[in-house]
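So the structure is just underneath, and the comments pick up after that.
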């Protein structure tokens, strides 16, 4: 590799193939106001491309929560319903019941889903509501200035926990996929991360599987995506991916947790010989 | 055993010892308006006697939800805060923070805790709030006429599910202890049942352990108690205990789920060799 | 149409379904519970959906989602439940979604909440207060029509008496003018079209960054002013030569109207005015009806709320007195001892005689 | 007391702590967020607790629990968050718990919600609307005092301008008359006493089955009437020979008062009236101040809400015109273009000249 | 027959739920055909009570007071006779 | 040096987050010292791009368009020169 | 002509069902009917009253009455308040089994005993309304039985038979000498 | 006497911090000060303005001004609106690095370049306010530096040094010939 700088303001003149547009086809442009180094636009890519690839571009409705990602709605070439903070799963429920053959996804942050709206995502999962909830988990309320949420991991920096979240003062994080996966109505549950290119690719596979699960009518699906919020973490933008992977990723472990209604890890159904393990009073 | 009927309107004249009063010492009387065969007064007994036995009679505050058990407050010789439907864990949190050395318990039904107030009991558990939440689970909104709740088990009769709850129509039940036990802030989690005398005794042991956990400052504790609601199930009162044990008890399994912060069953922490089990994308 | 003996809740549910309502979600609370039960029993057969939501917040969220697809949808509750829904109601107005809401209240203490909006910010919605089952059947249908006409939620405000009184009623479909097409609803078909729809309460437009709240809110204000000008409804009787005008709404007006009719029959110069819409309040009609009367007596079953609107309508031109008050049964359901024909008549009689009425 | 340069939020938090507030819970939302941050930063050092609640419903629940123990406690929010709290606020009034609430609003659109009660049923609470930081420091302290005096929640209603304007202020402790002892609070010590306490919003009494809502609610109504009679506060200036009386509240009144003073200095016969309590509305004082004026101009930053109270106070005796209106920045935070000294002055000037003002 | 225990039954509080009947291990409780003032049937005691307190534990209306005889079958064992 | 790929960079959209720099496997992206109109530094392309699309995948501001050469090192490989 | 009937009892006695049966039966026989159930106390075990208005023309009165043509008592708790509304010459009828020491001038019927004999002590309220109907000609027994079957929720249909027997028992045990409800048949 | 200063820029440029530093510095030097930050657009990346009122007596005006004695521009987006408020004879100062083609009559300073040289291109707004202070005598450099240190949140204290350098650079690079802020020292 030489240090020679190439012109990058135009395509090659010939003999080359474009691998794709700057942006996903279902995106209306590229101009948005999210911070430098924010992970949320990367999550958006995984959603939009999955919809496109599954051929659902003309029958998808997104239900959007309130957080920084709300500002991304101006880029989405999708029919959308904007929900109040925390309420997206209920809105998606009502809409899906009226239009059962459309693809419905919610787009929510951790503040939206694990704080303000924790109740309704759990109820939607338990009901087996045939929708896909997408959680952008950065462990902070990005929009309001970087405060701790219910998913902030121990030791994580936020505006209220500049020395790192401390369990004795602030309690423990909720791991959303772990919580939702065991519920009876959950058909698919997975957690990805956009801290690097391969994370983006894997996350997109999860997104596709979740959407496929829904289109097969199998029930509730959740895809959690760990996203960088350098602003809310008070770390330099370039350190965002590393911080995400090492600090948040250590607790919110990535992978698939439930597929085709089969729990791949977490609370196993009780095996007979485990019964004795339970404390008997 | 002969069929001779003995007078039972007065104590023996001599040579006998009373094993206790009709009612717990911390109970103000015995007259209440709950239905014949209701299990909730039995649960009340386990709470009041535990408080008495632990010597906490002068430093206990109950925070009461809204359901049939609300009518039992007239019997409780306890300082009480009446919460709105679903909100008891938050009220207990705020009060406990101001009076950290008092014993705080909430008394909530499944409608109150698993429906209207699901979010806040989970958040209280995750925070490790040092309170004891008591769930009287009868799988129905007794007070409003016996409708299905989020804990109603598949096949259970309620006013909306006279043929039994059906997953495709009504989704799956949430098992509250299973949900709360794995959370980081939960120190003690157990489920009892008052369908028979030994169930009442075991439940009382759980209640004591939960209160002891709190008084040691170890964090959140939850005691779920399965209680009969013949009215809401549309079964004869005498069949209540059997129905409870066989129908509800089969899903909401009794036993201790977490003690001293150690998970006895449910979502186990990931063991290294389980990692491969997780779906890798 | 054949008449069937049924309770108010059942009649309302049937009227809603007759009006095309295909989605309902609710959470039990007396006296709203039976409305939920009737929707649950009747909607599936019509291809509709009734969800027993896990809470009021979820109920109104589900109804919001359903109505966003262009379906006719409704939800509701009682007291506490309505209060929990205030954030959503306020924002549904901003999202311009035609959701129909039922408040089956305990008494009439929610008048302020219903007419001033219990939520945040400047917003307005129609409030229809039926006097009895027959009118409830009509106004329920009207609610769905007006909601879509204005793209604005409409609240039907009833109470325990309306919900639980049983009578033989016919569910006569009401004919309405054609409505504009629902070119705002989302069905997913515009995804990927380059000009999709974004149904939101903050004035966002696809492809455009940011919002312009002032312009957006002023447009809503103008719409609400147009609604106020167009939608006032009322019932006035025996006002021509009246010395006393009695004003009451909802179920309570059934008692006052009965008393006024009895007194009229006995020759008393008393008239009756009943706002059918609580918002917009029929101020002009009331001012007209009150022309020439000596006194206006307001009988509401609360500590005095609608009386503000009566005073605002009359602007000091006529003496306004309160002859109602808080009155409750021991269950708190709002069927208080005041609600008895002879007691109501005594209150009206006292006002007629110029005596003060103890609330 | 030394003056320190700080924003309104910080001054309010410090004043609350000076007044003995030892518990706060809240959930972030602009412009309330900083108030929460300041409480979080300052309370622990005073032996107090600030909880970053997971939602507004949980925040007010926690505050409810804290205040039930007899501690001074507060919570608050903005717009949507306040709406979510309406069930609790309404019931806190019934539970007679002296919680202090802060609405740091976006603009002045929540006037109805604040003064009519966004929740269900008949209930009332004081609403204090500071004009600037100095008054906010006083009224915050007053809020805690009045709340306990009446055993009733008190709402302090501010906005973005109040929260974000920074000035040098001194947190001077205000002296109040001694309060009755808190013989209602629970601390667990009466458990097992045979006469424990049950702090509830439905009139339940330990050892006694059932409730008596009517008696209970009427007692509250009487209390609220006593509050209404005792607690009205206002500021009036240059009203003596005024032809035009300008009425405004909160931060907006800072602009109108400035304009009125400028115009007065130039010889215009214009006066200014500012309700300090929005409930109870200082109706008598306003009627007094408006005696002899030709016109009353109401400038509020909303579609017209306080104007109801102005009209109710004046009962048609003086012409009342609206010269305010919806005005918002593009972030929706309520710092709209109307809020500029020259524009406000122009509106007041137009009213003085009898010209109509476009909202 | 020798008695180890005895119960006092507050029949006016009884709501007739019958939970005590199967709960009694020696099966010495039996519902009567009588009604109390709220119209409910209530249990009566046959001989053979062991004083085990099962009835006391399961009665939702707190109708039982349980006594244990210091000596089984002692004279006081037949109250009121 | 032979090029398998090439990227077009929309420098005016770039916010200077630097996520693309470590993401590029052959490390052919480097931040410049220049500012764009919003005052952000942006990346420049060195030779050796493989067209792997990692930069495209990780850029939160959609600044990359990736091209793959039909034949590595083909003449068109030096755009604009 | 309008006939007001008041039923009073406590929760669980079947007062609301009995009122509904009477209302439906009268509707089926062509009367104009309005009925309302109310609760005097907090939910469980509290007072439960029902008021009915039966007429040969549309009802113009509100659903709560100040005066009643007939008052039926299933429990003494709220009886005095109900009785105070009785019109001169009206009918007062109580379940003697639950009114210790009787109820003054009211006609007393051992309704619980009759119901138990019919197969369910829970049907006493039905016995009473049937007796009222039998005594005054308010509605026919057939109409009552049909209305009862139509009023039972799906989870209670197993009670149709015993309830029908209870209605018949009450109708037959109707006290004599009471006023006639409607002079001319509707 | 009251001096109004308006700062305008976009989110992330440090406009609010710069305004706070100026306000605190003036307060420390005995001025009466009122300041307010506002956002012209939706949260991120939108306009961000700050207005300051500095006086030798308590401020009676509201926190938003119609006229400004000085206008400082960090970004052209909202510049015209701000400039329209400038009083006759007032001061207009912009960051020339971000105003392509200049800003009319406004004094232009290469603030980003100076800030970069001082160690952080994020400190350009501080450079500008320091230049304003240096040019008009509004406040002293020492007061600015102290105020900056006091204004930084705990998680930003590592920037104290570079910010101090930026302030000094701005103060030194102050354009000459601008009006004096306060005739007599407070």
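In order of appearance the chains are A, B, C, D, E, F, G and H, and numbering begins at 1 in each one.
As a working rule, a residue touches a chain if its C-beta (ideal position, glycine included) is under 8 Å from a C-beta of that chain, and two chains touch if they have at least 3 such contacts.
Worth saying up front: this structure is predicted, and the values here are computed from it rather than measured.
Participant: To reach subunit G from subunit C by way of touching chains, what is the minimum number of steps?
Facilitator: Minimal hop count between subunit C and subunit G: 1.
Participant: With respect to inter-chain C-beta contacts, which pair, A-F or A-D, contains the greater number?
Facilitator: Between A-F and A-D, the larger count of C-beta pairs in contact belongs to A-F.
Participant: For subunit G and subunit H, what's the span in angstrom between their mean Cα positions?
Facilitator: 85
Participant: So, what's the distance in Å between the C-alpha centres of subunit F and subunit C?
Facilitator: 61
Participant: Could you list which residues of subunit B touch at least two other chains?
Facilitator: Those would be 31-35, 71, 84, 115, 118-119, 123, 150, 170.
Participant: Taking each residue of subunit F in turn, which ones touch at least two of the other chains?
Facilitator: Residues: none.
Participant: What residues in subunit C touch two or more of the other chains?
Facilitator: Each of 54-55, 80, 87, 91, 202, 209-211, 329-332 in subunit C touches at least two other chains.
Participant: Would you mind writing out the residues of subunit B in touch with subunit C in their complex?
Facilitator: 84-86, 115-116, 118, 141, 144-145, 147-150, 159-160, 170
Participant: Would you tell me which residues of subunit B are touching subunit D in their complex?
Facilitator: Residue list for subunit B touching subunit D: 25-26, 28-29, 31-33, 51-52, 56-61, 63-64, 71, 73-84, 87, 89-99, 102-103, 119-120, 123.
Participant: Going by the contact rule at the top, pick out the subunit A residues touching subunit B in the complex.
Facilitator: 115, 117-119, 122-123, 126-129, 150, 167, 170-174, 178-179, 182-185, 190, 192, 202, 205-206, 253, 255-257, 259, 264-268, 270, 274, 277-281
Participant: Okay, in this complex, where on subunit B does subunit G touch?
Facilitator: Counting only subunit B, the residues touching subunit G are 33-35, 68, 71, 143, 157, 162, 234.
Participant: Looking at the complex, which residues from subunit H come into contact with subunit F?
Facilitator: Touch residues, subunit H against subunit F: 10, 13, 97-98, 100, 112, 121, 124.
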